[in-house]
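The chains carry the letters A, B and C, assigned in the order they are written, with residues numbered from 1 in each.
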Amino acid sequence: MIVTSTNHRFRKFKSLAMNGLCVVCAFLVILPLAVILFYLIQKGASSLNLAFFTGVPKPAGSVGGGMGNAIVGTLELLVLASCVGVPVGVLGGIYLSEYGGERLNSWIRFWADVLNGVPSIVWGMVAYALVVLPMKGFSAWAGGLALGFIMVPLVLRTTEEVLVLVPRSYREAALALGLPQWKTIVRIVLPTALRGIITGILLAMGRVAGETAPLLFTAFGNSNWNRHLAEPIAALPLQIFSYAIAPYDDWNRQAWAGALVLVALTFCLSLGVRLFSRGRFQKNT
Amino acid sequence: MNLTMTPEEIKTAPGRNVEQPKAAASKPENRTAPAPGAAAARPFSALSVKNLSVFFAKNQVLKSVSIEIQAQAVTAIIGPSGCGKSTFLRALNRMHELIPTARVEGDIRLFGQDIYGKDVEPVIVRRRVGMVFQKSNPFPTMSIGENVTVGLRLNGVRNRAMLMEQTEKSLRMAALWDEVKDRLNAPAVSLSGGQQQRLCIARALAVQPEVLLMDEPASALDPLATSKIEDLIRELKKDYTIVIVTHNMQQAARASDHTAFFYMGELVEFGATPQIFTAPKEKRTEDYVTGRFG
Amino acid sequence: MDLDELKKKLLTMASHAETAVNEALRALIERDYELALRVKENDNVIDQLEVEIDDMAIHLLAKAPLASDLRLVTVAMKISQNLERVGDEATKIAKRARDLSQEPPVKVVVDLPRMAKLALDMLKAALDAFVNRDPIAARALIPRDKEVDGINKQVTNQLAQYMVENPDTIKRCLNLITVSRSLERIADHATNVAEEVVYLYEALDIRHTGKTGLVAKGNV
C-alpha cells in the first residue's frame, strides 16, 4: 500500500482532531468542578469568620451566629459511623478475601453491591426503626448508625479488593515459615494492605460526610451544641439544607459558607487518601 | 523437636533435631575413617514417602509415589510442566491444606514421624520443613533484618540478643551477610533479585528447619545469581536436607546428589544424579533428559 | 540435529580407514607401488576428519548434552582417535609394501594373509556394530584379539629365525615384522572401538576388564 501525501495529511488531521476532542472533553469534566468551587468561594468566603466556626445558629431573623455545632456534629457523626462501618467492613472484607467458600463469597459480594446501590434515605428509615422509635427520640446514635450502614458495603468491597491484590506468595511464604493463618493475616497481609484499607475508609468517610437524607429523621439537627449522644445532633448537610431554603439572606450566606466548609472537609479527606497512598517503603506512584 | 510439641514447648526446645546420626568412624577397625565433620557415613532417610497420592477435586495429580529422600543430601526433582513436581514438594510440608479441594493420601514420615498424623499440627511440620519459592517474596513492609527474623519474632521470640545472633547466622549461611551487614534496616525490596532470593533463604533458615524445600529457586535469576544459589545449596547440604524442584537439567546435574524424574504424576525413575544424566534406565527418562519431549 | 552430522562424519572417517587398510594390504600382496603411494596420500583425509570430528564434538559438548547424547559425543571422540591411528598403521603398512615391492619376495611361509583378514574383519565388525547399534556383536569380536596377538607372536618368531638363517633377507624380514605389528595394532584399535560401542549402547565401561563385559560398571 503506497502512502500518498494526501493520505498522510488526512491521517494527520484525523489524529489532531481526536486529540483535540479528548482535550475538550477533559476540560468539560473539570469545568463544572471549577465553576462550583469558584461559586462557593465567591458566595461563601465572605461569611467565614471566627463566629462562624465557634458560634451556634441564632434565632430566625437575627444576623450573626455560626455553624460551629454543625461542623462538630458532622465530625462526631463520622466517628460514630466509622465505629460501625470500619470493623464490620474490614472484618467482612478479610473474611471474603481470606476465608469462606466460593459460592458463599459470591453471594456476599452480590448483596454488598446491591446494598451499595440502596438509596441513603432508606438507611435513614432503617435507623429510624431500629433506634429512634425504641429511644422515642432523635439522637446522634441514630445518625451515626445510618451513616455507618452506608459505609459498611463500601469499606467491605474496598478492603476485599485491596487484600486480594496482596500477592498470594506472601501468604504462602508466611505459612511456610510455620505461622498460623490468623497470624499471617494480621501480621503480614494486613500491614501490606493497610494503606489501601485506610484509603478505602477515608473514601467512605468522604462519601457519607455529605449525606443529608438519612440524617433528616435520625440525627434530626440541633440548633445548639449536642451535649450527649442520645440527643439530636446538628450536621453540616442538614444545616445547609435548612438555611438554604430559608428566606433570610444572612442564613443563605451562611449556607454557602457551610457548603464551602463541607467541600473543604471532603477535599482534606481526599488529600489524606493521596498521602496514605505513599507508604514507608514505596516510591511515588 | 517433636511434631506433637505445642508452640510454647518449641520456643524453649534446643536447636534442631539431634537424632541425626553423625559419622560412624569411632570403630578402631574402620580403616577408611571419614574426616571429622563429614556427613553421615551411611545413607539415612530424612523423608520417607510411601504411596503418596494427591487429588484436586476429581483430578489425581500424583499417583502413588514412593521415594526415600536422603538426609544431608540434595535431591532434585525434574520433569516436564504439569508432571506433579511442585505438587509433590508441597505435600512434604502440608501446603496443600490451604486449598479446599485438595486431598492427600499416603504416608510421609519426617525422620520417622508421620507428618500427617492425627495430632500433628501443620504449623509444626512447616517449622521443621522450610520452603523457598520460585519468585523471591521478602515481606515489603519489613526491613532486611526484620524479614530474616520474622519467623522467630512472630512465634514469640523476644530476646534481642538472640534475634541479632540468629540474623547474622542465617545471613551468613545464605552468603548474604557481607553484602547487607551495614544496612539491615534498609527495606528488603531494595535488594536485587538474587539478593532477595538469598534473603528468603536466610528467612527460611532462621527458624532452623531440618529440611529445606526449594521450588525452582533460581529460575527467575540471571546466571551469576543462579550460580551463587547453587554454591549456596552445596554448602547448605552439609547441615540440611534439601529437595529442589527444577526444570533446568544442567542445574540438577550440577547441584544434586540424587535425582527423581516425574512424568504425568508418576515417579518414573529415581537414582544417583550421575547415573540419571549419563545412563538413565527408563526410556522416558532418557527421552526427557535428551530433550526429545518436555 | 548436529548429533546426526557427527555420526555421519564418523562413519565417513570409518569407511576411509577401512579402505586405507584394505588398499594397503592389497598393495602389499600385489606388490603395487602406485597403490602404496596413494594410501600414504589419502591418510591426510583421515587426519583432517579427526580434527573436524573433535571440533564438532567440542561444540556439541558446549550445548551440555545428556545421557545417550553425551555418551555419543565422548565415544565419537574416542573412536575418531582410534580410526586415525588405524589410518596411520595403514600408512605404515603401505610404506613397507612400497619398499618390499622394490625387491624380490621372501621365500618364507608366514600367516600374514590370515592375520590381515582377521584384523580387517574385526575392524569391519566393530564399525558395523556401531552403525547397527549392536553391542552384542561388538562384545563378540573382542576375544578375537587374542588370536591376532597369537599369530603376531608366531610370525615374529618365524621371521626372526629365518632372518638369522638367511642374513641377506634381514631388511625384507624386518619390513614384514613391522607389517605384522601394524596388523596387531589395527586389531587392538578395532577392539577399542568395540568397547566404546558397548559403552555407548549399554552404558557399561568394559575396558581393562579382561572379560567381555562383566564387573566394571560405568558411571558411579
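The rule we apply is simple: a contact is a pair of C-beta atoms (placed from the backbone, for glycine too) under 8 Å apart; a residue touches a chain by one contact, two chains touch by 3 or more.
In this text, all values refer to a predicted model and were calculated from it rather than measured experimentally.
The touch graph of these protein chains is an open line. The central chain here, found by comparing per-chain C-alpha centres with the mean of all protein C-alpha atoms, is B.
Look at the CA centroids: the one farthest from the centroid of chain B belongs to C. Per-chain Cα centroids separate chain B from chain C by 52 Å.
Averaged Cα coordinates give chain A a centre that lies 93 Å from the centre of chain C. Computed from the mean C-alpha positions, the centre of chain A lies at a distance of 49 Å from the centre of chain B.
Annotation for chain B: no residues touch two or more other chains. Taken together, the chain B residues at the contact with chain C in this complex read 249-250, 253, 272, 274-275, 277-280, 285-286, 289-290.
Within the complex formed with chain B, the chain C residues making contact are 64-71, 203, 218-220. Residues of chain B touching chain A in their complex: 93, 95, 98, 100, 123-127, 130-131, 133, 135, 137, 139-141, 150-151, 154-155, 187, 189, 200, 203-204, 207.
Residue ranges of chain A in contact with chain B, taken from their complex: 101, 167, 169-180, 183, 187-188, 191-192, 194, 279-281.
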